[in-house]
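What follows is chain A paired twice: with chain B in the first complex and chain C in the second.
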Partner chain A sequence: MNVRSQISMVFHLDKCIGCHTCSIACKNIWTDRKGAEYMWWNNVETKPGTGYPTRWEDQDQYHGGWEVHKGKLRLRSTGKGKIVTNIFHNPFMPTMDDYYEPWTYKYEDLFNAPEGTDQPTARPVSMVTGEHMDVEAGPNWDDDLGGSPVYAANDKNLDGLSEEQRQQLFAVERLVFFYFPRICNHCLNPSCVAACPSGALYKRGEDGIVLLDQKRCRAWRSCVAACPYKKTFFNWSTGKSEKCILCYPRLETGQAPACFHSCVGRIRYLGVVLYDADRLEEVAKLPDDKLIEGQRSLILDPNDPEVIEAARANGVHDSVIESAQRSPVYKFVKVWKIALPPHIEYRTLPMLFYVPPMSPVMANRQDGTVESVSDNFFHDIEQARVPMKFLANLFGAGGEGKVVYALKKQKAVRTYRRALTVGDISMETAEKMLAEADCTKEEADAIYHLTSLCTFDDRFVIPPMHREEAIEMMREPSEHKTAVGFGFIEPPKRGF
Partner chain B sequence: MMTIGDNLLDLFLFAVTPYIALTVFFLGTIIRYRKYGFSYSSLSSQFLENRHHFWGLIPFHYGILTVFLGHLIGFLVPRDLLWWNSHPLRLYIFEVSGLVAAMLTIVGLVSMIMRRLTDPKIRVVTSTADWILLGILTLEIVSGTFVAIFHSWGSSWFASTASPYLRSIFTLSPDITFMVAMPWLVKFHIVGAFVILAAFPFTRLVHILVVPNQYLWRKPQVVRWYGKKAFLHKAV
Partner chain C sequence: MIRTSTPLRGILAACLLGGWSATTRAQDPAADFRQNCMSCHTIGGGRLTGPDLKNVDQRKDRDWLTRFIMDPRAVIDSGDPYAQELLKDARNAVMPTLPGMTRARATALLDLIGAESKLEKSQFAGVQISDRPFTPEDIERGRLMFLGRVPLARGGPSCIACHTTNGVGALGGGTLAPDLTTVFERYEGRKTLSTWLTAPATPTMQAVFRQAPLESDEILALVAYFQSTLQRSPDDVATSRLNFVLLGLGGTIVVLGLFDVIWRGRLKSVRRMLVHRNGSENTHG
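And now, the complex of A and B:
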């Protein structure tokens, strides 16, 4: 057992209102720079929808992630063998057109235009070339366009859905969509790291944050192609790749990452989990339907004395172990099993988890009326307006079992709470549903508390990052004594 | 007959310039690496333009690497090259492959220049240094190709004349006898090489020095630990 700690996250999708506050918070802090205008380390997508970059989930086009080839894990883009021939021109490199060309408006025209009979306008100009451009795409071009035949209908996750199931999503009266906020998944088996020829990308041993060493990046661009979530970005101005850093300078001072902190719907949870690094490869090679179970088995019980001993032997600080014992993520993922990894079939073992949405809460429409008889106040999971197959493609590696389990448990908790507080559902029914959903009353209370009544400190159990241990190693420790963040000060200028 | 002026010029070009170039190259690349390590990048522009990129970068790199390999063979194992070339068929094979590689390089170079001229996004990320570099590369590659065409069987006479000269530079006892007698086109090509060497630290050519060869034998995953723990976790 090789115990390591990992900062991990949960997004409760039923609580996401799609306000993009997280994206803006992130943008303002990290990517409001030349060359990074098009980057959204955090973005919120409408599902079904094509996402950002367009159709990023289509790995036949983007070749991200891993595949199992003759019993071995292999990068779908350019691994060791292929990099020799592909270093000059990466065949799987997305271009700016796959994201969007960033633009601004010529606001000065509003003030400087000579007097005339026309109202002056501020025309859009490209932030790359500075020339006029017609805006044809943006980072969130399909926002809220759930039923759109142009965007929603092109969602990769609709593959394998029957015509009837598609109708379920697209018929005007039944139209439904939900939001899908995304940041870097800080994977356990990151393909960006494995693809980087320079060794610039690395996983921090102490907390599992995946970072990109700007000084060692040489713009071979393999990471951009290799990340199946397309969360490593190429800065076209500095000629270096960049990615979400999980606001580690904030974490080091005990603050939640900007996207987490600013979340209006309070959908986000952050905590530490302990995992067994010895079994990573074995788990990443499991067949699709075993991956979720496999990843869960990697996550260790932080209260198990054996695990604690092994963690200590591995240099995991006691304060981190203690933090892992209070981790909300551990509860969602391992104890309650209602949070699922996104697209685990890419085999990077992502460490962001999503509680799949039940939305809309009210019953499904039948014969033009909303069915809301007391015994079935919340809709049947199997007949949810979002087809199970669609959610399964997103969070279940194609299998519906784990998604249905997570939704049934949520529904049971809601029924149980309604029986308690409103009383129009009998407690017997609620108890029966809880039992069917593999949930006890205590568990239901705990889920209710952590989803509905949670305080900031319940949601963010931020472990001490022990930056003092890193600073000790520096040549001039006193220089870094009161500082956080980057380790070198050299202007990020393009070339020489 | 040679005049003294010619001789002095040759002396400067072939006995002094190489040392200036080598000094600038080594000092320049080392200082840049230590002081401006961030600037060591291939500065790829594939993200802004993908299609034209293929037709420029692929032929150019394969071409120039083959040509460079040819020069390296002539420099390192001149006797073996002469032995190989002693048979006409083998000589033709060596010469023709060199020429094909040179043509590939030119095709690539022309597409690269066209791409930088025509694509508005690429123009934004093209610096003056890039244009100067493309200029001297063009002169060097075109002059080299002309040498191959107009002064036949260069692979053989390179091995027997340029090789000893280049070796004499590295042994710090420059012997320019062979160089003085060279046609001006060849002289131009050799001096061009020194110019490129001297320009090297100030251009994007530095990416050649950081080609990631270690990738081929490192473990796929990279984990970095703080000091004490790095020792604990020697085996990543």
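And now, the complex of A and C:
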């Protein structure tokens, strides 16, 4: 057993209101720079929708992630042979248009326009060329457009739905959408790291954050092609790739990452989990339907004395182990099993988990009146507006079982709380539902508390990062202290 | 700081001294002559760049010869009339001062030259080149050797790697070294050119051909070829350069065109295709 620690995350989609505060918080801190205008390390997508960049989930197009070939894991985008033939042009890259051409408005025209009979307007100008442009698309162009024929209809997760189901999804009375905020998943088996020919990408040993060394990056852009979530970006100004750094400077000072901190719906949870690094490859090679269970088995019980001993032997600090024992992520993923990894079939073992969203049920119409209560509550889950197959493609590697389990449990907790506080449902019904959803009253209370009454400290259990221990390996900490500070000490630039 | 123990230092010193003594030790004069003199001199084989050394000690006294071997430039610069004459005969090529030359080594060399001069045929007589008239076969063989179609017997590089001449094709030959079209004329005919080729004396040629000298029949063929190039009208050098540039440009365009065809989908964006497909569906339906 090779126990390591990993900062892991849960996004509770049922709470996301799609306000994009997270994206703006991230933009303001990290990507409001030349060459990074188009980058959204954090973005919020509307589902069904094609996302950012367009149809990033279509790996037949982008060749991201891993595949199992003759019993071995293999990158889909590159390899020893492919890297030679694609050395000057990688055919599996998103174009600028697939992200969007970033633009601003020429606000000075509002003030400097000569007097005339028309209102002056601020025309959009490209932030890349500086020329006037017609805005055709943006990073979230299909925001709130559940039924848009271009974007929603082309969601990759609609694959496997019957034509009738697809048609229904776009009928006005069934229209549905939910939000899907995304950051780098800081995967356990990151394909971006594996694909980099320069060795610029690395997974930080002490906390599993995937980082990109700006000094070693040589602009191959292999990471951009290899990441199936398209969460590494190429900065056209510095000639280096960039990605979400999980705000590690904030984490190191005990603060939650900016997108977590600013989240209005309080959907984001962060905590450390302990995992067994020896079994990574074995798990990443499992068949699709075993992957979720396999990844869960990698995450170890931080209260198990054997695990604690192995973690200590591996240099994991006691304070980190203690933090792992309080981790909200561990509860959501491993104890309650209601948080699921996105597209685990890409086999990168993402460490950002999503609690799948509940969606409005279809109202039952009986004798002309609309009934919202039925005897069989769980029936409503299958009747939900979002087809189960769609959620299963997104969070269940195609299998509906795990998604239905997570939704049933959420529904049971809701019913239980309603029986407790409103009282229009009998406690007997609620208890029956809890039992059917594999949930106890205590667990339901715990889920309720962490979902609805969670404070900052409940949501973000940030372990002490012990940077001094990591720095000690490279240089004298007191010397390091005088050599770091705000801003780039050496700004990244093109070339070697 | 490097610290070595006393015995180790002793061993190091012994090695250094051993190496020093090995370099200063008088070497076999025959090997010395072969290595350092033979590229310009013969003994009884006629002059190359330098004069034939047969019976050289009858032409000048020992002391003068030793002084000249040890520092040829100094003797020439002193205005010595015989040295000036030698310089003129050698077409102003100054004999290089050999590194590590000592009086003992010079004496040994002169002894060797004296002994070899008495033999009927010295081992240092050099390559003998036939005086027979050139045949068309010689010219053709020389041409093929120049072009590298017939390899040189000792493995030397073919001429076209660095040189060009007329009639080698539309693109011309190498441009690193001089055009050899008129070399026959410049080297004043068959005899001097042949002699020069037995031991080429320019720094580049010497470095290359000391290890892989030309054989006498090869020299004959090449000289025959160079004589023939003199008689043909010279090529237009500008045309062959232009051809070269045009071929490069044409090739680039063809390769780029090929890239364009192979990777024709490279600028297609996913989003634009979705929008386009939707637009066309709407107009048709």
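FYI, the second predicted complex is superposed on the first by the 457 of 496 C-alpha atoms of A that agree within 3 Å, B and C clash if a C-alpha of one lies under 4 Å from a C-alpha of the other, contacts with A are read in each partner's own complex, and residues count from 1 in each chain.
Assume contacts are C-beta pairs under 8 Å (C-beta built on N, C-alpha and C of every residue); 3 or more make two chains touch, one makes a residue touch a chain.
Just so it is clear, the model here is predicted, and its values are computed rather than measured.
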item: Joint occupancy of chain A by chain B and chain C, clash or fit; value: clash
item: Chain B versus chain C as contact partner of A:V224, first or second or both or neither; value: first
item: When both partners are placed on the shared chain, which of chain B and chain C touches more of chain A; value: B
item: First, second, both or neither for A:N154, with chain B first and chain C second; value: second
item: Partner chain in contact with A:R55 - chain B first, chain C second, else both or neither; value: second
item: Partner chain in contact with A:H89 - chain B first, chain C second, else both or neither; value: both
item: Partner chain in contact with A:A137 - chain B first, chain C second, else both or neither; value: second
item: First, second, both or neither for A:K15, with chain B first and chain C second; value: neither
item: Partner chain in contact with A:K243 - chain B first, chain C second, else both or neither; value: neither
item: Contact residues common to both interfaces of chain A (with chain B and with chain C); value: 89, 94-96
item: List of chain C residues in touch with chain A within their complex; value: 259, 263, 265-272, 274-275, 278
item: Touching residues (chain side chain B, partner chain A) in the complex; value: 32, 36-50, 53-54, 57-58, 60-62, 120-121, 123-125, 127, 129, 202-204, 206-207, 210-212, 214-216, 218, 220-230, 232-233
item: Chain C contact footprint on chain A (complex, rising order); value: 50, 53-55, 58, 61, 89, 91, 94-98, 136-137, 149-151, 153-154
item: For the chain A and chain B complex, residues of the former touching the latter; value: 79-80, 83-84, 87-90, 93-96, 128-131, 189-190, 193-194, 196-199, 201-206, 214-215, 217-221, 224, 234, 236-240, 314-315, 466, 469-470, 472-473, 488, 490-496
